[in-house]
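Handing you this structure, nothing more for now.
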Amino acid sequence: MGKLRLQNLTRGGKIRIGLLALALILPFLPFISDYVLHIAILVLLYMILALGLNIVPGFNGLLDLGYVGFYGIGAYTSGLLTYHLGLSFWVIIPLAFINGAIWGILLGAPTLRLTGDYFAIVTFGFSELVVLFLTNEIWLTRGPLGLPGIDVVSIDLTLFGGPKWEFIGELPYYYLAIVMVLVTVFVMYRIQDSRLGRAWFAIRDDEVAAVSCGIKLLAYKVIAFAISAAFGAVGGSFFARWMTFLSPDMFKFWESFLILCMIVLGGMGNIWGVMIGALVLVSMSEVLREILPLLGLPVQSRFLAFGLIMVLMMRYRPAGIMPIAAVAAKMRAGRVKRKKVKPAVGIKK
Amino acid sequence: MFLQQLVNGLTIGGIYAMIAVGYTMIYGVIQLINFAHGEIYMLGAFFAITFISFLGLPFYVAFLVAMACCAVCGVLLDIVAYRPLRQSPRLAALITAIGMSIFLQNLAMIIWGSRPKPFPHGALPAYFEKTAVTFGGVNLSWFHLFIFTITIIMMVGLNLIIKKTKWGKAMRAVAQNKTMAALTGINVNRVISYTFALAGALGGAAGIMVGAFYNAIFPTMGYVAGVKAFAAAVLGGIGSVPGAMLGGVILGVAEALGAGYLSSLYRDGISYAVMIIVIILIPAGLFGKVLKETKKSM
Amino acid sequence: MKKRQSFLFVGLLVCVALVFGMTSGAMAGKIRIGVAAPFTGNLASYGDNIKAGVNLKLKEINDAGGINGQKVQLVWGDDLCQPKDAGIVGAKFAADKSIVAVIGHLCSSATLAAMPIYVRAGLPALSPTSTNPTIGDVGKGWFFRNCYTDDFQGKYLASYVVPKLLGKKKVAIFYENNDYAIGLKDSFVAGAKSAGLTVTGAEAYMTGTTDFTPQLTKLLRDKPETIFLCGYHPEGALIAGQSRKLGFNGPLFGADGIDNEDYIKIGGKAADNTYCTVPFLAASAGPAGKDFAKQYKKAYGRDVDWMSANAYDCLGILAQVIGKVGTDRKKIRDGLAAMNWPQFGYKGVTGLTYFNEKGDCSKPAFVKKVENGKFVAAK
C-alpha cells in the first residue's frame, strides 16, 4: 500500500470521502429535522443488514431467504438481555454477533450441501419458524404483546467515576450508526481482500474449479453463512436499542425480501453497490409514501413497484446498478443471444 | 373426534395436493421453484368471484372459465418472467419468481382490495350445505364430497395425461433432459408452456374450491398455502407427481391432527418443520430423484 | 458510464432532499393535527373508519370558523399497523413542529412503537382505539385514549354478558395470537373465575388462518354452550361459519374486534346469534349519539361504527382543549391531563370522557347482537 496522500486516492475514493464528510455534517444542515435523521438511521441500519446479506448471494452465489430470522434473533437477544439483565449495549454487540454466528452455523451446516433452490427454501422455512417461535413463546418474548421499554444505548463510565451519557433522540444514534456502518464496511473490505474472500469468490464463480483447487466447499460456505448471520444479528441488536420496542411482526419475510431487493438493485457482491441499493430503496420507499397518496395511488403500489423492480432488474441488469465484472459476466454467460438465421434458399418449414 | 380430524385433514390435504402437483411439474421441467404459483391459486378464487358477480355466470361455468384463465396466467407468467431467464443462473430466476409473487399479490390488493371477500351469496348450489353422508359421528356435506371428487378426478386425469398422451410423454422427456428432448424434435418451449397451463389450471381450481369452502378470499391467501404445498411437494419428492399428491395428503392430515391434538399455534410450523427435516434428511423425498449438491469431498 | 451514474446519484439525492424538505414545511395559519392509522394494507377498513369520523368532525369545526378563528388541518400518516412504519410516522409528526397533537395510533403495537418518540419530542397523542393496557406506562403522561382497555372488556364479558345476557355457563375460547386478543382472553379468564363460569377450553390461532376445523373439532368435543370469538372479524366470521358446519348451534360472542359489517358479510347466516360488546351503539346512545349516527349515515351511506365515533370524539376533545390552552404541545398535554374528573370531562357522542393519571378512561360498554343479518342492540 502506497502512502495515503490525497492525490493518491482514486476518483472513487475521493467521492467516498466526500460522502462521508457530508454524512458527518448532515445533522447540522438546514432542513434536516429529526424525521430526516430517523430515515437516515434506517438507511444506515439497512446498509449494515444489506452488507451482511451480501456475503451469501453476493460473495457466494447462494440465495438466503431467511435473513430476517437472524435479524430477529439478534434483536430479541438484545432486547431481552437489556430488559431482564440491563446489559450494556457495548457488551451486547459481541454477544449478538456470536449468537448470530452460532445460529448461522447451526442452520448452515446441515443445509449448505443442498442445491441452491433447496437451500433458499430451507432458509425461508427457518425464518418463518423463528417468527412463529417469537410470536408463540410468550413466556420468553412476550409474543405479540411486544417488548416495550427497552433501555436506550448509554455510555456508562460510572465505574471509572465518570458520567453516564444516555442516547436521547436521533442524533447520537445517527453517529453510532455511522460508526457501525464504517466498521462493517472496513470488515467487509478486509474479508474481500483476504484468503477467505478469494475462496468465496472462487466458489461463486465456479464450484467445481474451486474444489479442484482444494477449497473445502462446505467449510467456507458455513463460515460465510455464519458471518452473514452475525451481522444480521448485530443489526438487530442496534434496532432493538433504537426503537426501544420489539414485536414479532417486525420480522416477517417481507424484510428479507426488501434487503434482497437492495442488494439486487445495488449490485450483488459490490460493497458500495449494496450500500447505494440500501440508500435508494429506503429513500424511495419514503418518498413514495409521501407522493403516492398525492397522486391518488394506493400506498400498496410501493410494494408492487419493488416486485416489479426485482423482475426487471433480473431481466435486464441482473448484476445490479453497480455491477461487479465477475458477477456480471456470470449472469451474462448463460444468455446466448440467439440470432435469427435466414434459412438457405429452398428450405421450407 | 379422530375421524372428524381425519376428514378435516383429507380435505385440506386434497387441496395441498392439487397445488403441490403444480409446483412439482414446473420444477420437473425447468428446475425452478415457481414462487408465484401460490398467487395463481389466489387469482383463481378471485377470477371465480369476479365472473360470478360481474358476469352472472353460474357456479360450474365460472369454475371452468376461471380455471382456463389461470392456465393462461400460468403461461403468461412463464413467457414474461421465466423464459427470458432460461439460461441464467438459478439465483436470477429465483429472485424473479419471488418478485413476481410479490407483484401479483399487490396487484390483486390494488384490483380487489385487501379485505377478505366472501363468495357471492347464492352462487353456490344450495345443496352444498346439506349433509350427504354421516358415519362415525362425522357429517360430510355435499361440498366435502364435491371437493373430494374433483380432487380425485383431477389427480387421475393428470396421471392419465402424463402417462398416456403425447404431451405427457413430451413433458417427461423435457423433465429428464431438455437438450435431448429438443434433439428429438420436441418444441421444448411449448411443452413448458403446456406444463404451466396445466399447473395453473389445477392451482386455480384449488383456489376456487378453498375460496368457496371457507368463504374467504383475500390477496395473501396464496402465500401460506403456496409454502405448505411446496413442503408437500418436497415431502413427496420434487419432480414426482404421485409423490406430490401423496405428500399433500400426508401433510394435510398431519396438520389437522397436529392442530387438533398438539398445538394449533404451530400449525403452520408443522409444514415448515416437515419441509426442513425432509430436505435435510431425505432430499429425494418419498418418490423423487436425488438432487443433491455435487460435492461430497468436504 | 461513471458520469451518468454520478448524475443519477446526485439527481436522486436532490429529489430526496426536496421531498423531505417540502413535506416538513409548515402551512402558516392552520392548526395541524396528525392522524395515524393504517390507511392501506389489511386493516385499511379500520383506517377508513377513523378517517370518516375525523373528517366529519373536521367539517363541523371548520364550518363553524375553526378553533379561535384558526382552521384545522389534518395530516395523515399511514402506519400500516406495523411498528416500524409507526416509528417513521411518529418521527415525521414529532419533527414537524407545526403539528400540535396526534390522533392515533389505531393498533396497540403501532402506538407502543411510536410513543417513545412522542414522549421524547413532547407531542401528545390521543388514541381512539388502542386498547393494550401497557401503553399507559410507556406513554409517561403523553398518551391518552378515549376507549376502554382490554382488561375492562374481558371482565365485562365475563361478569355480565355471558352469565346474564346469554345465560350460559360453559365457554370455549378461541383467541387470536396478538396483543389485543391475548389481553382480552386473560382478563376474561380472570373474570370468569369470579363469575362462576367454566372455561371448557382455549385454543389459539394465528392471524390469517382460514381453516379452523381441527381446533374447533377439539373445542366442541367438550360441549361448550357458547364460543368466545376473541379476535378480529375476518377470522371471527370464518370461525362462526365453520362452527355451524360442525354442528354447533349455540350463541357466539366477541368483543369490539367483531364489530364490523364484514363479519356479517363473510359469516352469512352463521353470523346470526352473535353478541359483541362495543364502546358505542347508536341505538343506546344519547341524543348527540343518535344525531351523529344519522349524519354519518347521510355522509357515508353506511352505518356508523365505534371507531368512527371515537375518532370523531377525539378530534372534538382536542378542539376543546386547544380552544382553551392554545397550540403549544406541552399546554395541550397539560390540558388533557387536567380532564381528570367527570366535571372536567368531555361530553361527546360516545358519552363522557375523562382520563386517569395513565391516560386511560373508563367508558361503558354496550352489547350488540346479529339478528337476521343485521346488527341490533341486544336486550
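Read from first to last, the chains carry the letters A, B and C; within each, the first residue is number 1.
The rule is simple: contacts are C-beta pairs under 8 Å (C-beta built on N, C-alpha and C of every residue); 3 or more make two chains touch, one makes a residue touch a chain.
What you are looking at is a predicted structure, and each value in this text was computed from that prediction instead of being measured.
*Asks:* Which chain's mean C-alpha position is the greatest distance from subunit B's?
*Replies:* It is C.
*Asks:* Using the stated contact rule, I'd like to know whether A-C or B-C comes out ahead in C-beta pair count.
*Replies:* If we tally the C-beta pairs in contact for A-C and B-C, the bigger total goes to A-C.
*Asks:* With chain centres defined as C-alpha means, what is the inter-centre distance between subunit A and subunit B in Å?
*Replies:* 32
*Asks:* Just give me the whole-number Å value for how far the CA centre of subunit B lies from that of subunit C.
*Replies:* About 37 Å, centre to centre.
*Asks:* Find every residue in subunit B that makes contact with two or more other chains and list them.
*Replies:* 114, 265, 268
*Asks:* Using the touch definition from the top, which residues of subunit C touch two or more other chains?
*Replies:* In subunit C, the residues touching two or more other chains are 40-41, 177, 204, 206.
*Asks:* Where in subunit A do residues touch two or more other chains at once?
*Replies:* 132, 135-136, 298, 300
*Asks:* Flag every residue of subunit B that touches subunit A in the complex, lowest number first.
*Replies:* Spelled out, the residues of subunit B in touch with subunit A are 27, 31-33, 81, 84-85, 87-96, 98-107, 109-110, 114, 227, 230-231, 234, 263, 265-266, 268-269, 272-273, 275-276, 279-280, 283, 291-295, 297-298.
*Asks:* If we count contacts the way the header does, which residues on subunit C are in touch with subunit B in the complex?
*Replies:* The contact residues of subunit C facing subunit B are 40-42, 44-45, 177, 203-206, 208-211, 213-215, 217-218, 221, 234, 237-238, 241-242, 245-247, 262, 265-266, 268.
*Asks:* Within their complex, state which residues of subunit A touch subunit B.
*Replies:* 57, 61-63, 65, 110-111, 113-118, 120-122, 124-126, 128-129, 132, 135-136, 207-208, 211, 216-219, 257, 260, 264, 298, 300-301, 303-304, 306-311, 314-315, 318, 330-331, 334-336
*Asks:* Under the touch definition given earlier, write down the residues of subunit B that touch subunit C in their complex.
*Replies:* Its residues touching subunit C are 1, 4-5, 8-9, 11-12, 113-118, 121, 139, 141, 210, 214-216, 218, 220-221, 224, 255-261, 264-265, 267-268.
*Asks:* Could you list, by residue number, the parts of subunit C that touch subunit A in their complex?
*Replies:* 2, 5-6, 9, 12, 15-17, 19-21, 23-24, 39-41, 76, 78, 80, 82-84, 87-88, 91-92, 94-96, 109, 112-113, 115-116, 120-121, 132, 134, 137-138, 177-179, 182-183, 204, 206
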